[in-house]
Amino acid sequence: MFKLEENKSYSMPVHFGGRDPPAPDSAWYARDFVGLTYTYTTIGDQLANYVPEGFELLRPEIMYGFGHFGKVDFLAGGCYNVITADVPVRFNGKRDRLEGNYNLVTWENLTAPIIGGREENGVPKIYADIQDLHVTPPDYPIPDFFTNASYDGNTFVRMTMSDVKPIEGEQLAAMQANPLTINVFCWRYIPKVNLRGAELSQFILYPQSVEVKSAWEGSGAVEWIKLQPEQNPGQFHIINALAELPIPETAPVSMISGILALKGSQGRVLE
Amino acid sequence: MFKLEENKSYSMPVHFGGRDPPAPDSAWYARDFVGLTYTYTTIGDQLANYVPEGFELLRPEIMYGFGHFGKVDFLAGGCYNVITADVPVRFNGKRDRLEGNYNLVTWENLTAPIIGGREENGVPKIYADIQDLHVTPPDYPIPDFFTNASYDGNTFVRMTMSDVKPIEGEQLAAMQANPLTINVFCWRYIPKVNLRGAELSQFILYPQSVEVKSAWEGSGAVEWIKLQPEQNPGQFHIINALAELPIPETAPVSMISGILALKGSQGRVLE
Amino acid sequence: MFKLEENKSYSMPVHFGGRDPPAPDSAWYARDFVGLTYTYTTIGDQLANYVPEGFELLRPEIMYGFGHFGKVDFLAGGCYNVITADVPVRFNGKRDRLEGNYNLVTWENLTAPIIGGREENGVPKIYADIQDLHVTPPDYPIPDFFTNASYDGNTFVRMTMSDVKPIEGEQLAAMQANPLTINVFCWRYIPKVNLRGAELSQFILYPQSVEVKSAWEGSGAVEWIKLQPEQNPGQFHIINALAELPIPETAPVSMISGILALKGSQGRVLE
Amino acid sequence: MFKLEENKSYSMPVHFGGRDPPAPDSAWYARDFVGLTYTYTTIGDQLANYVPEGFELLRPEIMYGFGHFGKVDFLAGGCYNVITADVPVRFNGKRDRLEGNYNLVTWENLTAPIIGGREENGVPKIYADIQDLHVTPPDYPIPDFFTNASYDGNTFVRMTMSDVKPIEGEQLAAMQANPLTINVFCWRYIPKVNLRGAELSQFILYPQSVEVKSAWEGSGAVEWIKLQPEQNPGQFHIINALAELPIPETAPVSMISGILALKGSQGRVLE
């Protein structure tokens, strides 16, 4: 019969065997990463409805992000795209007092990292069809970059970036000198079998960093499009909540390319 | 700030709000279900390698299944396909002594039920592209029905069914009289954040039943195709393990159509 | 070297060999067909902009259709979905005087029938992601049926059907007694290599018929959503033209299921 | 009613309006192109079965190619992948005597360029799911690069590249100095409506060129996998014909990246 080996790392299905656990200082790499970040000021009281007790909202801001994760180690060089919504917070625990980004939701267009992120790190990942970032050819006036996400053919968010200028010289050198490190906070929640209450509920720190190669800045827009329940039964309430958060029409956008390091196994349960 | 409500059912992301939990006797329905089951005798010792302690192998058999889940309630009438591998077992616990099918692995071609099944019931679901069941037109000699599953374009299993005959009369009436009920057993396993050991590890009972409308029998073949690690980094070890289980070239196949009831919330942690 | 055989039917690539041409009275069958037809009164002058000289508009009407083509012969039992826009016309030629539907555009979610339809019959087929027709479960209030089409994640049309009632008794018997036959008219156009002028330009008759099994009627809505050029570079002008055709908010919808016969090779070039 | 405008370029559907035709010296660009070319010696007599009269086989060689067409102008910056099979030939016509590559077949994973290539230039394009080129991460031994193509989940070709070395210095400078230009020859064939004989049949010159940025060489393998008719009804005869062409297990492979210019409108009908 199958027995767990003590020094192995497992995920479901467990009984086909485990893997060597990651070294303590190891990371998963996306060696061809491009990320866009939109920072919007919104209404703090409304935003706070989606941030659990234990976290303190640092600023009434929501950050929307698009990421292309290319040349991903654990996909044998494959890739996927993500859309994220994060809030700047401080965790005020008994032991831990940390600033970082509380992840409200992460859409990805590939099941394998969705499963891993949810079960290992509590990242609230759900599925969407997410287009690659399109670089508009010269004969199209605007925007410079654009993408969207949809579910079952229902567009629910569009992202564009215009007036793009490269960041150069000392400013770029400074970004390149130190990997940009982020504390991402997530809420790992596994329900009881009867779906009444939690079997497991914990806040988790998920460190991530980016080794920046190039960077750009510009202005951009994120447009959320409300959906009816039948158009996206599992997610409409999330999309509609974000669509109801008031944000300005355009916002500053930063774009970086480089190497992303996902340091899930360097994280821990927050206390 | 967001607070959990006591009488709500949650899944990640939690902080956008919960749902009313399912009534104790409720189920999720796939109102347009078609299922094929292939029953193969194999080598018990080899099969037992994938069945954890606590379960007893009843027969040296592996059951491979294809299912089309159509008109699914929680998808607002959407559908998905599944491929399953199950083993007939008895659970010998302190409290529970039950016969049923231990699920070795379930592939599905839709992320939402994969996430739900893993986190709520411990079903070891993973993603694959699974073709709809094809009914071969009259001018093709064989087979009568066929499908396959692949990952990133790599075919890893083919299923065919031939010599199909409807089950009729008293035999069908008997199948229709009582919903076919199955105890599915799963191993829910959530790792620690550092991927060394389990944060949660439990065997779960997941009752399912089928209200049969029509039924057929025939002969069929399941062909597993080994993959290289880079062709399917997260699953090759599972596929190759199944490919190495010796099975006869053909086996009896049963096909049923009807209404499938997934009674996850009527299950429980086995003890 | 490769030579054409006289009694074979060819398509590109030609040099791998041809097939036996279809018998003169043969057809391609979709043995599991479901079709919805929405009939809208619109502004005749505006509609006429999209109907070429040689055709006469019979009524200021546009018919939007959704079709599920299941158990398709030439796909070995596979399936695809279509969205169509048709106009009732009379062809007034030197030889032919025929009434039928001039096909403005057909979207399909599968390349093989798109290629065949365009090259063999001049059907102006283009690609879209088209959702299966969803039958809404009991706990969703409306609509009864719904679907959409999108391109690169950009929703461009939604179709819904509500207040659905089966057609029964004598009315159904009449529909079943005679296959519903339609003259579809298309414009086959192949450009010169330098894209200045036509190498081939002809109107083609494409007969189709449906053997009706069941039928329903109800009310429904078709909503066209305009797109920007970069969101759908090859099709935005088509979608936006249809979106600008004024139509009432709801219209009568008919739904039929049965066997569809595509009789392309029984068609001819109109003169 | 709709009328054709004289100085416009049209494709089906024609009646929604045309576009300005391309300038005589213009091209479509894939500004982020990566291409692999495998050159295999095979049996000339067998290969000649797939080359039509009018062309002369220059060498008993078949070239298999993979291409990633990124940042494509006519897709507003979108991308697609291609798999090609070409043969080195000389066209011996009444007017034209030209050397180039006769394209046996081209698979692409996007419908829009398939339609355009077939109808405008006679490129025998058909659909397949084609994976992105995977760059294997450091911890996988071999190969360095790999991809595959499949249809309805049935893998039919795998391509790998190993022992990759960059081409540098003078050799690279020479490649960069002159765009690599290729005469691609195609057979444009449009059948009669009754599928007996051709409505249009002509050989077409389709010039293409690549502005090389970087280049690599290595060894590689192309593996064709035969399919049953029902697994790929429209293409199995093509795949099986290629699978039966004997080729060595490995071959030299060249890889280039740069800007691809597709000069379809600079081509012409060969005479």
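Every chain is named by a letter (A, B, C and D) in the order it is written, and numbering of its residues begins at 1.
Keep this in mind: a residue touches a chain if its C-beta (ideal position, glycine included) is under 8 Å from a C-beta of that chain, and two chains touch if they have at least 3 such contacts.
What you see is a predicted model, and the numbers here were worked out from it, not measured in a lab.
Path length between chain A and chain D in the chain contact graph, taken as the least number of steps between touching chains: 1.
In this assembly, the chain whose C-alpha centre lies farthest from chain B is D. Computed centre separation for the pair chain C/chain D is 30 angstrom, with centres defined by C-alpha atoms. Measuring from the averaged C-alpha position of chain B to that of chain C gives a distance of 38 Å.
Our note on geometry: chain B versus chain D, Cα centroid distance of 41 Å, whole angstroms. Chain B has residues 76-78, 134, 136, 140, 152, 229-231 in contact with two or more other chains. Across the complex, chain D is touched by residues 1-4, 7, 9-17, 21-22, 24, 48-53, 55, 74-78, 104-105, 111-112, 114-115, 118-127, 152, 187-191, 193-196, 198-200, 204, 229-231, 233-234, 237-238, 241, 264-269 of chain C.
Taken in their complex, chain A has these residues touching chain D: 29, 31, 71, 73, 76-79, 132, 134-137, 139-140. Residues of chain B that touch chain D in their complex: 129-131, 134, 136, 140, 143, 146, 148-150, 152-155, 229-231.
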